[in-house]
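We just call them A, B and C in the order they show up, numbering each chain from 1.
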Amino acid sequence: MSLLSLKNLFKTFGGLVAVNGVSFEVDENAIMGLIGPNGAGKTTVFNAITGNYKPDSGEVIFDRKHITGMPTHEIVRLGIARTFQNIRLFKSMRLVENVLAGCHCRMKAGVFSSILRLPSQRKEEARAVERSMRELAFVGLDSQYNNLAGNLSYGNQRLLEIARALASDPRFLILDEPAGGMNDQETEDLMEIIHAIQGRGITILLIEHDMNLVMRICKHLVVLEYGAVIAEGTPEEIKKNPLVIEAYLGAEE
Amino acid sequence: MNARIIDHPQFSLLVGVVFFMLMAMVPTGLELSGVSGGGIAQLDVLNKIGIYAVLALSLNIILGQTGLFNMGHAAFFAVGAYTTAILNTMYQWPVFSTMPAAGFLAALFAFLVVMPIIHLRGDYLLVVTIGIVEIVRIALMNNIFGITGGPNGIYGIARPALFGLVFSSVKLQYYLIWSFTGISLFLFYLLEHSRIGRAFNYIKHDDLAAAGCGINVARYKLMAFVLGAFWAGMAGTLYAANIRTIEPMSFNFYESVILFAIVILGGSGSNAGVILGAFLLVGLQDLFRGFDSARMLFFGAAMCAMMVFRPQGLLPPRRRRYNAWQLVGKFASAIRRSYPCDEDKRNDR
Amino acid sequence: MEEFFQQLTNGLAVGGIYALIALGYTMVYGILRLINFAHGDLFTLGAYLGFTLLVSWGLSGVLGGLAVAGVLILFAMGLVAIAGCLLERIAYRPLRNSDRLTAVVSALGASIFVQNAIMLVCGARSQVYPTGILPTTIIPIFGVDVSAMRFLMFGFSLLLMLLLYGFIHKTRLGAAIRAVAIDQDAAKLMGIDVNRIISTVFLIGPALGGAAGVMVGLFYGQITYDMGFSFGLKAFTAAILGGIGNIPGAMVGGILLGVIEALGAAYISIAWKDAIAFCVLILILIFRPTGILGERVAEKI
């Protein structure tokens, strides 16, 4: 049973066709990779799933619900969380506050209970802090919870984004180049974390340029070029696919 | 962990309590010090500072906490003040009973005018809000609905009374205004340290990331405006009751600029900074009354200079602190067991 | 019909002035993404400089009407251009790399400063331009008597705008300005001296504003130290109406706004005249924030 399916997605910017009829499905609790050369439209596909861009046509179906064109925050509530390619943390805020942002959509306190600090609000707040600390511990940043996000190393900032996304209790996690800027050791650790996320029953879709990571971690890959899917299959199949080799290395004359 | 008192999570609360205890002693202190006129003139200025402090605190929710460039705050203030004036002089409502109505109407007005423009960014919002405050002023001048009294405004607003106590003297007004300021400050402090306050801050830092975390950005932006306007409307009641005559020119663009400047120069997002800003801008304005014409010149130059040399304001906001140490200790082991992954290796980093 | 024609020509004359001021806003915004709030007050400065020259030097006794107007305008343009350049150096350049709110607040401060400096020097009372400098001839068009001054105003605004347009599109410096507006960093890498370009823009914009100031003085006959606020805000509205950052847009927007305002004042209500421009501003930002000639730009995520 697929958790997410894209059907014939189109998105243009002015005259440029960024996504040209993309369709694929992501199975429940899979780790799937979306790869392709720079400018192939991978991030645009992500943005269409998460509601940052409204696709011109096509459908995004998540857990049998049409979520095409829904606002981002509602999509997050339904259980799709993401990280950003160009890390978008709240840099001048503390680690724990960054993760608390993820908890926001699972909290209920309104203006009145907040402004009057009712017992229900205090309890909820304590639970959210606890949850945030758990997620920080999950990625190994718990000891730095009171530091500022901007002071973290690049690799740790990526992990913090993952913790923030996890705090929103997603069923589906979208990672946009999670290993970007990480050294080898950090990438190894990241792979463990991604496996652990899968262990929590969360489905993962990721964009990554580190082929070593992609081939080792993903069971299924989709290859995009010029906004269209050119190949799909297991890492072994993809490695042998002539179209993919051509897309990455250029055509042989 | 060092245990400096300034790092304590409740430090700002402590400072606030001390500050308001001192403020409570000011009238008696002025009387005892033998200032001419028993300190009436000074209290009058402090009353004005108090009203501006409430206004600036309410603007701080919008501008400082949420990062929305609202240059039209005087419009919400005007709606509140006129609501009180009209209900009191035409329908004989007691002044205090008009306060919720003033807040509500200002909030409703904010909701209606801001909703269609809430998606505008930065300086676009700034210009539109200037447009709104100007339209409101022009509407008041033109005696809209035949009830605002045109350019002359409305006079003869009654003194507020509570349980038979009429706040007629400057001193009683002082206690009234500063109690209101204190209560507002405390409630805003609680709001700031809640889910809502954090949502405002996330939006200020990066609204796209905030949406990506599941925050309904448009809703919270609107909420900031409505809350801020509600308080500005109530401040309008205080103002109308204090000054007893209101006219359109009291709510013009420059009023908004001064409020904006109080928040920015005091320290955007910082309640303590905003109070300091109100003291400096309103208080100094009064001190320089003699040089009336050069006052604004100095004010403009100070705004430029501050932005060049100290753009974060005089008292920038303290960062919230979280007492999560106990939580870490208590839960760390449980967490590691609950998720099947090799935690310890990562913790070595 | 006569009323309509009168208001239309009046709107064109005022619209030309709005357009001239709007050009200053739009050029600065195009390059620095900054609303130069002080621009409206530089416009006032132009009006007062022209007034001072006219009254203290007794020019009108020496030269003919149009020549006087020309000298006044050139003089005001030069001095206001210098003022604009100074303003950029003092209030904006130190903030080049800080966030937008900081720069906007500084611009507001500069606006308040310039306005009050004018008030301190020239007084808070309004000043009256001597009459009789421009011809008060009435031209009958289609049987309607229209003041020639309106055409003169409109024609002169148009001339300045065409000169600017030619400068931006036909000269090397103009090409450099366009390049900096599109991408400052890339322009820098191509060897363009960005600081010099920004200074140039702060010469041209205020110069046009200064010219508009003198024209308002000649046209309306009366100037006040705080007129820069409403003229500035309306001109900024015009810039947004046409599409901010877009030079032809500012011209179209200014003229359009002048006409809308004149017709609105005549057919809706004169008391609400000033509110009309703001309503236009709000409506355009709700329904087409990119303006008439602006292009939609997708945000990079």
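Points worth noting:
The definition used in the following text is that a contact is a pair of C-beta atoms (placed from the backbone, for glycine too) under 8 Å apart; a residue touches a chain by one contact, two chains touch by 3 or more.
Owing to the predicted nature of the structure, the values given are computational and were not obtained by experimental measurement.
Chain centres here are means of the Cα atoms, and by that rule the chain farthest away from chain A is C.
Central chain by Cα centroid: B, whose mean Cα position is closest to the mean of all protein Cα atoms.
When every pair of chains is scored by its C-beta contact pairs, the maximum goes to A-B. Chain C has its Cα centroid 35 Å from the Cα centroid of chain B.
Mean C-alpha position of chain A lies 48 Å from that of chain C. One inter-chain figure worth recording: chain A and chain B are separated by 38 Å, centre to centre, where each centre is the mean of the chain's CA atoms.
Chain C has residues 301 in contact with two or more other chains. Residues of chain A in contact with two or more other chains: 52, 84. Looking at chain B, residues 208 sit in touch with two or more other chains.
Every residue of chain C that touches chain B in the complex is listed here, in rising order: 33-35, 90-91, 94-95, 98-106, 108-117, 119-120, 124, 229, 233, 236-237, 240, 271-272, 274-275, 278-279, 281-282, 285-286, 289, 299, 301. Within the complex formed with chain B, the chain A residues making contact are 50, 52, 71-74, 76-77, 81-82, 84, 88-94, 96-97, 100-102, 104-107, 109-111, 114-117, 121, 124-125, 128-130, 132-134, 137-140, 142-143, 145-146, 148, 164-165, 168, 189, 192-193, 195-196, 199-200.
Against chain A, the residues of chain B that register as touching in their complex are 187, 190-191, 194-199, 201-202, 205-206, 208-217, 223, 227, 319-322, 324, 327-328, 331-332, 335-336, 338-343, 345-347, 349.
By the touch rule above, chain B contacts chain C in their complex via residues 67, 69, 116-117, 120, 122-124, 126-128, 130-132, 134-135, 138-139, 141-142, 208, 253, 257, 260-261, 264, 268, 293-294, 296-297, 299-308, 311.
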